[in-house]
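For reference, the structures are reproduced in the following blocks.
There are two complexes below, and they share subunit A, which is joined by subunit B in the first and by subunit C in the second.
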Partner chain A sequence: MVAASVHLLDAIMIMSWWRRILLVLIGAWVPTAIVFAWWTASADSTNPYFPPLSLIVERFTELWFSQEFVTTVVPSLRNFAIGYALACIIGIIFGTLIGGSRTGIKYAEPIIDFVRSIPAVATVPIFIVIFGLDIAMRVASITVAASMPILIATIQGVRSADVVQVETARVFHLSRQQQLWRVRLPGAMPLIFSGLQLGLQIAFIVTIASEFLGSGFGIGSFTLVATESFLILDAWTGVILMGLLGYLINIVFDLVERFSLRWYYGQKKIV
Partner chain B sequence: MLSNGSRASRVRRLPPAAISVVLALALWQLATSVGPLADLSIPSVVETGQALIAELSSSEFYVRLWETIQMAVVGFVVAMALAIPAGILIGLSRFAWRSTKFTFDFFKVIPPIVIIPIVILVLGPTMQMGIFLVVFTLVFAMAIQTGLGVRDADAVLLETMRCYGLGTWSQIRYARLPSAAPYIAVGVRLSASAALVVAIVAGLIGGAPGLGKTILLAQASGDDPRTFATVFVLGVLGILVSRAVTWLQRRSIFWMPS
Partner chain C sequence: MSTDITISNVSMFFDTPNGRKDVLDNVSYSVTPGHFVAIVGPSGVGKTTLLRILTGLTQPTGGSVEVRGKAIDGPPDGLAVVLQDYTRSLMPWLTVEKNINLPLRNKKMTKSEVRSRVAESLAEVGLEGTEKSYPWQLSGGMQQRVAIARALATRPDLLIMDEPFASVDAQTRFDLEDLVLKVRKDFGITTLMVTHDIDEAVYLSDEVVVLYGKPAHVREVVTVDIGFPRSQIETRNDPRFAELRTHVYSLVRGLAEPNEAA
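Moving on, here comes the complex of A and B:
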């Protein structure tokens, strides 16, 4: 009996492995086909804007697996990381403060509503006027733009705490501080994380935008200059690298979220 | 009586908002005229206000505004026309859904701003470029959203329909589409706001016509009050669009329990 059920489990495990491999294969054939089509269609392309993919790949490895990566891409990533980290801290702290008080929301709402309605990229010129074309401009625009969704999500999260849990905490005479740390903030985590994710995407967009608009260094600036000086291959490698970075950043975030919120997903599964 | 009461409460609700707006403007004016930012060339409230009035009374502003709206609307309509049927189709077939999932997710996640350099090369700083960017931004997210809605159809309902011998077409008509409708509604609302933002970004970064280009030109020529005033207008525009879309949706799908 025991042996049979073990065999059954093994069979299910093997099946789920097969299933997984099958799913990956099904998911992979479309991108493979796209790349293949691009490769063959552009193989002897004479259109200056669409050079052969083989040349783009060659230039890509030449550029980005070299010192150029450190001098061009690392400064962008550094600005992005600093700006985003500041946005997380500011968004969560102020969100908790504002969300915790009813009068705070009344006073802050019109200002937040207005600032978040400005397209994030359009705030960059404002920071250029204030800070010039310095690193401070880039970090400040990333921070302000990315902190808005985090701030709003935190306010909503703290406010929409489970009534039963808050009441229970009150019955057990938890102090306001304990209520905040033990009930309101943990309950707000799923919402805060959705704000953090939106903030991350905005931080990346503004990182690139601040480099497009304030010429100088960074991957965005490199790509735009390549476009303007008609270095089409360089421009393509820049665009592809930025796209890959944007995608990777999201993947990393998903992993972090899944790890930090596994208690929440566990709860949802049980329900 | 009732309307009187609600009006009174609205009046009472207004002051904090008004106070904080006045306070923010006063802080800005103080900081730029006598405060720590006075030495920098940051426009004050008064200068920005003057630029705003000049902007709003020039006919050029409305031409630019119209260009931005055109790019946003055309891009939005094209994206919806492509994405909703595509989303329904891939949502109906499990194979199609799994085949496209990774690809669509990839393009959905990539911020549209990164492809601007290549788009400038190919299409130049034109309206077509702005429209292309809007379509590219919206189409993948909207197709995924629609597909999710189609796939979310009640399994029991579908089985029941199958038992009663209802064909594929009836299943689509009476189970799949109704389940997709709220998903599509949410997608349409988010897409409408995003379309405006992308149309502006296309002008600001790519030099496409419209208000984005107004900011780009104002900033390049060092006309700081005009830069501030135009960004201010964009904030107001953003609020108006999101309010309008919410209002329209509440009117058109009032039957939908949200």
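Moving on, here comes the complex of A and C:
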């Protein structure tokens, strides 16, 4: 599946600009149709739970193109960014150290298996006990949950490094540490990125979920409070905003991955 | 200093689920400094095993290998390698320049020294201007040239090549063989090469070591008494070349008795 989408992207890259526009239009057709259907079907809705889309859009612009965005969404995004960045750093560094050590995996494996078996969201209450209802609690839950798939992918990637690459480094007198950080780790990046992708989804979920518990700010909290106060219109705008944010975050991630792994995709295209 | 590498009674066996498998039996041989030596033998005879022992990647189960009078227990100093599988021995995430840099990290060289060393090495193999390319953007023959440049950049005393030209087409192979002869003329590095191509072994070498038997021993060391420079057309048409290749071929196939006890 990865290969198929890679070929698709390569195909897009060599296309002329008007074919690219055409392709975007084709891709945009289905979402456009859904929005259109929603718009018309909900136009005369009197059901309080499914207000007309036109009203939702109106409220959306009112709410999120204002100071409200800064006070509600920015804190969520900040927690998400800090938590995920820490997860990436911790996952990759510890993953490399554990994967590169002959005995490390024996000690680490049971602990990792235990921690990763805990549903990500279930760690939130524990961190409330430890950190209180603070930013630290939210960031810590995001980091712990999101670092697990990154850690595991890094360990696997580093351990399954290409034997020829590692032996080549060895005969050229690279130290064990150099073999680890300069050969095993970069070689593991394609696998690590699949862990980073998984961690990204988890980080986003935990960002929202951590706000569901006893907090007063953030987009998750906003949406929950709106629902509980029967501000259904506001709740809808919150849900749509979360969807859009998740979508944008994924686009950014794909761009970073394409750039970081250009050697990997380039090599696959030629081989 | 009369020998660069001394292989003394090297034996090797592997423990397999079907019992002990002996691969090498009392292999002894000494390499003269500056010589180019090819190791040939039937498929599966243990050529690559012997080479791995010489690179220090594998410890023999018996005997020893000395490089410049010192027994090795890991990759010896001044060693550089060129392997058959260039797509795996060059790091695909590094550009040509950075691939060549990689073994230079631990040498105390300034940035500009490194840069000029890389440029020199690429010029030696005829790949000027490819610094910023990735290996996989180059043809197989060019990638193997990069691998040779990487080896040369370390200024090795000892070059070990494992079937370096087995994965390229015939024309490229001839070009790379002549490149190796040029490198040899320019640097005079002691070189050991494993190959299954007998013509290539005779064409490039001062001596051809024939491994034979299960477990393998040195059947004969054939001295290639053909002068340098050699050329693809003249050398290969030399009657002496034909004699030597026929002799080596017969030894490898088990058809001829060795001329002298090796």
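The rule we apply is simple: the second predicted complex is superposed on the first by the 252 of 271 C-alpha atoms of A that agree within 3 Å, B and C clash if a C-alpha of one lies under 4 Å from a C-alpha of the other, contacts with A are read in each partner's own complex, and residues count from 1 in each chain.
Here, a residue touches a chain if its C-beta (ideal position, glycine included) is under 8 Å from a C-beta of that chain, and two chains touch if they have at least 3 such contacts.
As the structure is a computational prediction, the values presented were derived from the model and not from experiment.
J.: What does the overlay on subunit A give for subunit B and subunit C, a clash or a fit?
T.: fit
J.: For A:Met189, using the defined touch cut-off, is the partner it touches subunit B, subunit C, both, or neither? Pick first, second, both or neither.
T.: second
J.: Which chain, subunit B or subunit C, ends up touching more residues of subunit A in the combined arrangement?
T.: B
J.: Tell me which partner A:Thr46 touches in the superposition: subunit B (first), subunit C (second), both or neither.
T.: neither
J.: Between subunit B and subunit C, whom does A:Thr168 touch in the aligned arrangement: first, second, both, or neither?
T.: In the superposed model, A:Thr168 contacts subunit C only, not subunit B.
J.: If you stack the two complexes on chain A, which partner ends up touching A:Lys106: first (subunit B), second (subunit C), both, or neither?
T.: A:Lys106 sits against subunit B, while subunit C stays out of touch.
J.: Once chain A of both complexes is superposed, is A:Ala235 in touch with subunit B (first), subunit C (second), both, or neither?
T.: first
J.: Between subunit B (first) and subunit C (second), which does A:Gln67 come into contact with in this model arrangement: first, second, both, or neither?
T.: neither
J.: Once the structures are superposed on A, label A:Thr123 by its partner contacts, choosing first (subunit B), second (subunit C), both or neither.
T.: First partner only.
J.: Of all C-alpha distances between subunit B and subunit C after superposition, which is the least, in Å?
T.: Between subunit B and subunit C, the minimum C-alpha distance equals 12 Å.
J.: Report the residues of subunit A in contact with subunit C in the complex, numbered from low to high.
T.: 162, 164-165, 167-175, 178, 182-183, 186-187, 189, 263-264, 266-267, 270-271
J.: Using the touch definition from the top, list the residues of subunit A that touch subunit B in their complex.
T.: By the definition above, subunit A touches subunit B via 23, 26-31, 34, 49, 103, 106-111, 113-115, 117-119, 121-126, 128-130, 201, 204-205, 208-209, 212-213, 223-224, 226-227, 232, 235-236, 238-239, 242-243, 246-247, 250.
J.: Within their complex, state which residues of subunit C touch subunit A.
T.: 55-57, 75, 77, 79-81, 83, 85, 87-89, 91-94, 102-103, 105-106, 134, 136-137, 150, 154, 160
J.: Could you pull out which subunit B residues touch subunit A in their complex?
T.: Touch list, subunit B to subunit A: 13, 16-17, 19-21, 24, 37, 40-43, 95, 98-103, 106, 109-111, 113-118, 120-122, 196-197, 200-201, 204-205, 212, 215-216, 218-219, 224, 227-228, 231, 234-239, 242.
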